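Read through the structures below before going on.
Shared between the two complexes below is chain A, which has chain B as its partner in the first and chain C in the second.
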Partner chain A sequence: MLAELGLVLIAGLKFGSIYALAALGLVVVHKATKTVNFAHGAFAMLGAFATFLIVVHWQWRYWTAYLVIPLLIGAVAALLEFVVLRPLRRADLFTVVVATIFLGIALAEAFRLTYNTELLAVPGLFAGQPFFVGGIFITREALWVITGTLATALACIVVFRHGKIGRGMRAMASNVTGAQLCGYSIDRVYMLAWFLGGALAGLAGVFIAPIAGVSVELSIAIITAGFVAGVIGGFDSLTGAILGGLLLGVAESLAAAYVSSAMKNCISFLLLFIVLMWRPQGLFPERTGRRV
Partner chain B sequence: MLAAYFPRRLKPMAPALFALGLVSLAGSPAGAQERGITASEILIGAIGALTGPVAFIGTPGRDGMTMGFNEINERGGVCGRKLRLQFEHASTPAESVAAVKKLVEQDKVFVLVLASGSTGAAAAADYVRAAGVPTYNLYGSTPIIREPFSKNVFHGAIVPVEVSARGLISMFYDDGYAPKKIGILAGTYAFPQATLKAVEEVLKEKKTERAVEQFDQAARDFTSQLVALSRQNVDSILVLGSFSEAGFAIKQAREMGLAVGRWVLDGSAVSRAIIPILGNADGIRGYFNVPYFPGQTPSVREFEARLKSYLGSMPQGRPNNYDMIAYGAAYVIALAAQAAGCELTRDKLLNAWSNLKDAGPAKLGGLDVSFPESYTPSDHQGNYRLGAAIVKGGEWQVYRIIERP
Partner chain C sequence: MSEKGFRAATSAPAIFVLVCIGAGSVLGSYPQYALAMSLVAMVIGVALIVLVGLARCISLASGSIMAIGAYTSTLLMVHFDVQYAVSIALAMVAGAAAGWLIALPGTRFRGHNLAMVTLVFQSVCIILLREAKTITGGAEGIHVPAVGIFGWRIDTDGDFLLVIGLVSALIILCLTVLIRGPFGKNLQAVASNEVAAEAYGIGIPDYLAAAFVISSIAIALAGALAAPRIRILDPDSFGVLSSIFMLAYPIVGGMHSVWGGILGGGGLRSLPEVLRPVADYQELFFASLVILVVMFFPGGLVELVRRTSALVVRGRGQRDRKSAAAAYPPDVMIFAAPHAQSSEPLLCVEGVDKHFGALHAVDAASLEVPIGGIHGLIGPNGAGKTSLFNIISGFLAADAGKIAFAGDSLLKLRPRDRIRFGITRTFQHVAVFGQLSCLDNVVIGLGRNQVLNSMRESLDRFLSGRRTAVMRRQALAALAAVGLADDADLTAATLSLGNQRLLEIARAMVSEPKLILLDEPASGISEQEGEHLLKLLLRINSERNIAMLVIEHNIPFIAKLCRTMSVMGAGRIVAQGRPADVISLPVVRRLYFGEEIEHALQR
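Presenting the complex of A and B:
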């Protein structure tokens, strides 16, 4: 019974940690630019596709995917911010959100048209016997995904809280005019936020490619899970994004195992509605204080 | 006398206009009044998804039929008329209805082909029955397009779910295997649910124990469902879903060390594309809607070569059974038109199609890559057979033909 519960929890944590990484990228962009980037799922899909190219098509070493893809997808995101979003900076929020939705659709369809296939399979980084801990087994892949994504997420929080880049983004999020008066360039900070968000999406794509394959539908799956995780955790909280992602993954897994297997997708939207109604700021919002 | 009916200004031209009318009537072939037919062409309309998650059905539908029609046209067509395909993209029910209406009312096609799977076929069902246009349902297994019976709707290679359900269960008992309890992993969407219902009926009849777990479309994590099946001590699993869903379910079951004596997959999961997901897929079984798997016989290999030449390069996962079914369907349409005679009308076509026997590409010099189809005036299901397939040495192959139960 305990072993069964352990299996279910580990599966939930595996997917939950990827949701957390996806949510983190969304929150980073939102914190700095006040824009919800609905193209985020498409960036993750491109990351997964790039993993297929590197690992399967070109047969390079797997670690190159972890190094190259975040930088590459980050650069693509920054470029799109420059080309598509910057001209819309003075537009209302609705216009910008619609632009990101259609940017995501355009990227997904461009992938579909150039690589017309239902699913591309990517092998896992690790093979071999799973580890057994107290009667519960955990595969090497699951362990890598959970620890790798969470370590990345924590590093991202440290950079955002204590690094110069993060300071600029936080300043911009707090007060755009004030930040500009303090010498922060709005163009530079926005582009950096998009780069960081894109890099996190790309990395989520690398992690998810072997466990979900590469398909256009991945784009929708990532943005949906990332958005729900972000709302559950608190859309302005980096820690909330991580905890929201993990909570979502575990809740989905538990509901499917112990309530009904058909409840898996349903539970995420149920959680979303409950949180929006009961605690719209999210379960783990950023604490805001002002020194006076 | 006729000149009396012409306006005064046209009266001098009346004899000439009258003669022109007679000449044009005499010069037009019989049947020119029929929609979608000219002296040189028969217009076939088709719908199917060319983009989106079910493009793996619609795109092969378009390509297979076009290739078949091209071959028939190169041999002179039907009574000197070339067959021309007009394919409209449609993936949602609303798009399917709109596309069908456009083809029938605006483009005035002679025959309509539903190459859209069950969703599109179900959406278009009422309209095509009411319109009376000869309709060929290539891929829809849904009962909505089959019932009530309509004299203008024909169904090709894809068998009704009651037939495929019996075929699926029969594969659990091949080679002396006898499952004690069958676990069923079924998608929550329309097609797997229809098959699930039929499969449960068959298992009830056979008094075989079963356990059912479900998953959402495009699911990638099956841990919870597999844990639940393991708890219920199943020794064999049937997956009703796509190849990607089946692939990840089997992969995770192996990672969990779940002891599954036999995996059987629904026809929609029987694809070469499942093999890269699993690495070693040997021993997995499922039914195929055509008698041979790509690469299995010289005629199928020749088909692959021709398709590759037509497409320029072969997309991943192609050719699939939808390519082969569509190619065969092009020949069935041509054979029905040929049997109707050169004075082609809609009624003559329906009558001829309802009496076709063993219609397949070989009868017109094509490659036999699909089951031959036979119809009667009261049964418009052209095929009832399935190919029982297994993965051996990393390749799918049909190991026996499942005859009509």
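Presenting the complex of A and C:
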């Protein structure tokens, strides 16, 4: 009974930490540019696809995927920002959101056309015996996914809080004109934000590839999970995104185990609905207390 | 445009659909099928003009709404033996209910949050359809039975084209009447400036909910019409992707006109028939097309057609087009004799308090505006003037205090209700409805903008146009009064800042209010325009007996304009009286120039 609950929780945390990574990328872009990138899920899908290419197709070593793909997808994201979003700098939110929605579709379709299969399987990273801690089995994979994603996420937060990059993005988000007057280039900051967001999405893709395989559906699954996690956490809070992702993963896992698989799909929407209606600032909003 | 011309232009899309049926009758069976499905897509396109084009709501739920229509109609026929015609009507009811359900949370969100809320609805619907296997047939789908109307069995593609075409023409006519009438104009006003819309009695949640409900009715109808042609309904053919491609209809076609929905829906739906050899690349092509349109051609196909035809018939249009001023000669305004300023108070603000956290923005402020009087409100930046204004016009709730207007308390009224009491306002940052013409801006200022009212007036405009003519004449008179009669047909966004301020004043005075609140009317305009504005305001005040409460930084301007004034500093009213007396008070000088300069001046 308790062991089963433990298994369910570990599975939830495993998915949840990937959602957290996806949400983190979404929030980083939103923090800097004030828009939600609906193509984010497609970036994660491209990351998973690139994992397939590297691990299965070209048979490179697995660790190269973790190294190369974030850089690659980050570069793709930055390029698309330059080509598609930069000309829309003066357009309103509606236009930008529409552009990213269709950008995501175009990327997903491009993938579907190059590899016209339902699902590409990617082998797992570890095959060894699971650990046995306090009556609960933890597979090596789950341990790696959870620690790996959370370590990346924490590193990201540190960079964003203390690095020069983070300062520029926060400045941009709170006042575009003011930040520009202080010498931050809007083009550079936006591009950097998309690079970081893309890199995080790509990394989420690498982590999820062996668990869920690569398919077109991955694109929409990741964007909804990431968005819901972001909303739960409070869309401007990096730690909130991580906590929101973990919460969502655990909730989905519990619903699937104890209610039904249909409920697993509904739970994220229920959470989104509840949070948006009753606590639109999120459960873990960033403290922006003003000292008066 | 004359009333006859308006009626013709409004009927044109529906007539176009009828022409399509006529042309289709000579075609073969497959083209008839394709044409019928394109007509269904046109209905969806026009429905999304209301929601996406005018209200600028991103909806990703269209697929599920279409599914609701198709499934409602089919399930009623399968399980309850309901007549096809009746099942279509009930499908529209189900569509309305679904639209209202989305609007419940939907009207609270904009932009990406709204897109996500609609995506939630979409996904939950599809999951429910898939899980309720015993009723809907689950993922394998359900067979749509043969249909007929009043004993006539609808069988061939030609029959379907006729039925689908006639119903489509009817619903497109209804939608066009709404889109081109005051309802559509008010929706655009909401999309272009929510605060100003609210101030002129446009209830934003009501309008957005109406947009969701109306477009959902039409999309559900489209689903019910298409169901017998789809033959086997399964949840996945109404999935997220279908919603996203429907979103493309108004964007590719052109967002602001009915023809955008017709061209976008018809064009994108029939494109796959043309692109059959490269069918695989269809979705990629669609998505790229939308991105290109958004980036380089925001006006869509409609704009493309307009520009091409303008090139062809250059110069001719100029002569043919009659300006609004010519079509509706303005009423000659007859004003009562100038009123002497009464001493009876019209607006009475007493002890109003407002805190923002630790900041005491308004501190026990009291002032009075007499009937027909002009009262000025000055004070340094951050003194709480605009906060007090927002409390009087209802955009902020006061923590304490009383506001009486002609004897009634104002505190409980929403901003949009205050216009009916005779209070209108202008804004510190000009808030005209940029996409609408100047004339339409001023017509909105007449008030009477409740949803049902504007729908009724849309219908009136199409049927007789009598009420519209009256309203337009009033609006033109107001435009003429501020000197903008010649610009009546121009889009408001193209005016200069000074003229936009005049337009705001025309919009504020057209309903003949008892009180206008003017927030920095002279800021950002030239000295010459300022002189003109001063004379204009004084004339409006004396000829129409409209009282004014004016915030202004331009001291000479306000000193000439108002008869009494209040000075605010740090939330408190520090002085009140006649302009000349108030300005020379030491306390006022200190507020503006600071303590030390004051000493220097005295020395």
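The criterion applied here is as follows: the second predicted complex is superposed on the first by the 287 of 292 C-alpha atoms of A that agree within 3 Å, B and C clash if a C-alpha of one lies under 4 Å from a C-alpha of the other, contacts with A are read in each partner's own complex, and residues count from 1 in each chain.
Here is the rule we go by: a residue touches a chain if its C-beta (ideal position, glycine included) is under 8 Å from a C-beta of that chain, and two chains touch if they have at least 3 such contacts.
Since the model is a prediction, treat every value here as computed from it, not as a measurement.
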Between chain B and chain C, positioned on chain A by superposition, is the outcome a clash or a fit? clash
Answer with first, second, both or neither: which of chain B and chain C does A:A262 touch in the superposed model? both
A:L93 in the overlay: touching chain B, chain C, both, or neither? Say first, second, both or neither. second
After the superposition on A, what does A:T224 contact: first (chain B), second (chain C), both or neither? second
Counting only touches as set out at the top, which of chain B and chain C does A:V159 meet: first, second, both, neither? neither
With the two structures laid over each other on chain A, which partner does A:F38 touch: chain B (first), chain C (second), both, or neither? second
Mind working out whether A:I105 is in touch with chain B, chain C, both or neither, as first, second, both or neither? second
Answer with first, second, both or neither: which of chain B and chain C does A:V84 touch in the superposed model? second
Of the partners chain B and chain C, which touch A:P123 in the superposed model: first, second, both, neither? first
Examine A:L276 and indicate which partner it touches, taking first as chain B and second as chain C; both and neither are also allowed. second
When you line up both complexes on chain A, which piece of chain C, out of 7-15, 25-33, 187-195 or 583-591, runs into chain B? 25-33
What part of chain A is shared between its chain B contacts and its chain C contacts? 109, 112-113, 262, 265
Going by the contact rule at the top, pick out the chain B residues touching chain A in the complex. 51-53, 55-56, 59, 188, 213-216, 218-221, 223-225, 227-228, 230-231, 242-244, 247-248, 255-257, 273, 276-277, 279, 315-317
Give every residue of chain A touching chain C within the complex, in rising order. 35-36, 38, 84, 87-88, 91, 93-95, 97-99, 101-103, 105-106, 109-110, 112-113, 220, 224, 227-228, 231, 262, 265-266, 269, 272-273, 276-277, 280, 290, 292
Partner chain A, residues of chain C touching it in the complex: 56, 58, 60, 105, 108-113, 115-117, 119-120, 123-124, 127, 130-131, 240-241, 244, 247-248, 251, 280-281, 283-284, 286-288, 290-291, 294-296, 298, 357-359
Could you please specify the touching residues of chain A with respect to chain B in the complex? 4, 7-8, 10-11, 14-15, 109, 112-113, 115-121, 123, 130, 137, 139, 141, 211-213, 215-217, 221, 252-257, 260-262, 264-265
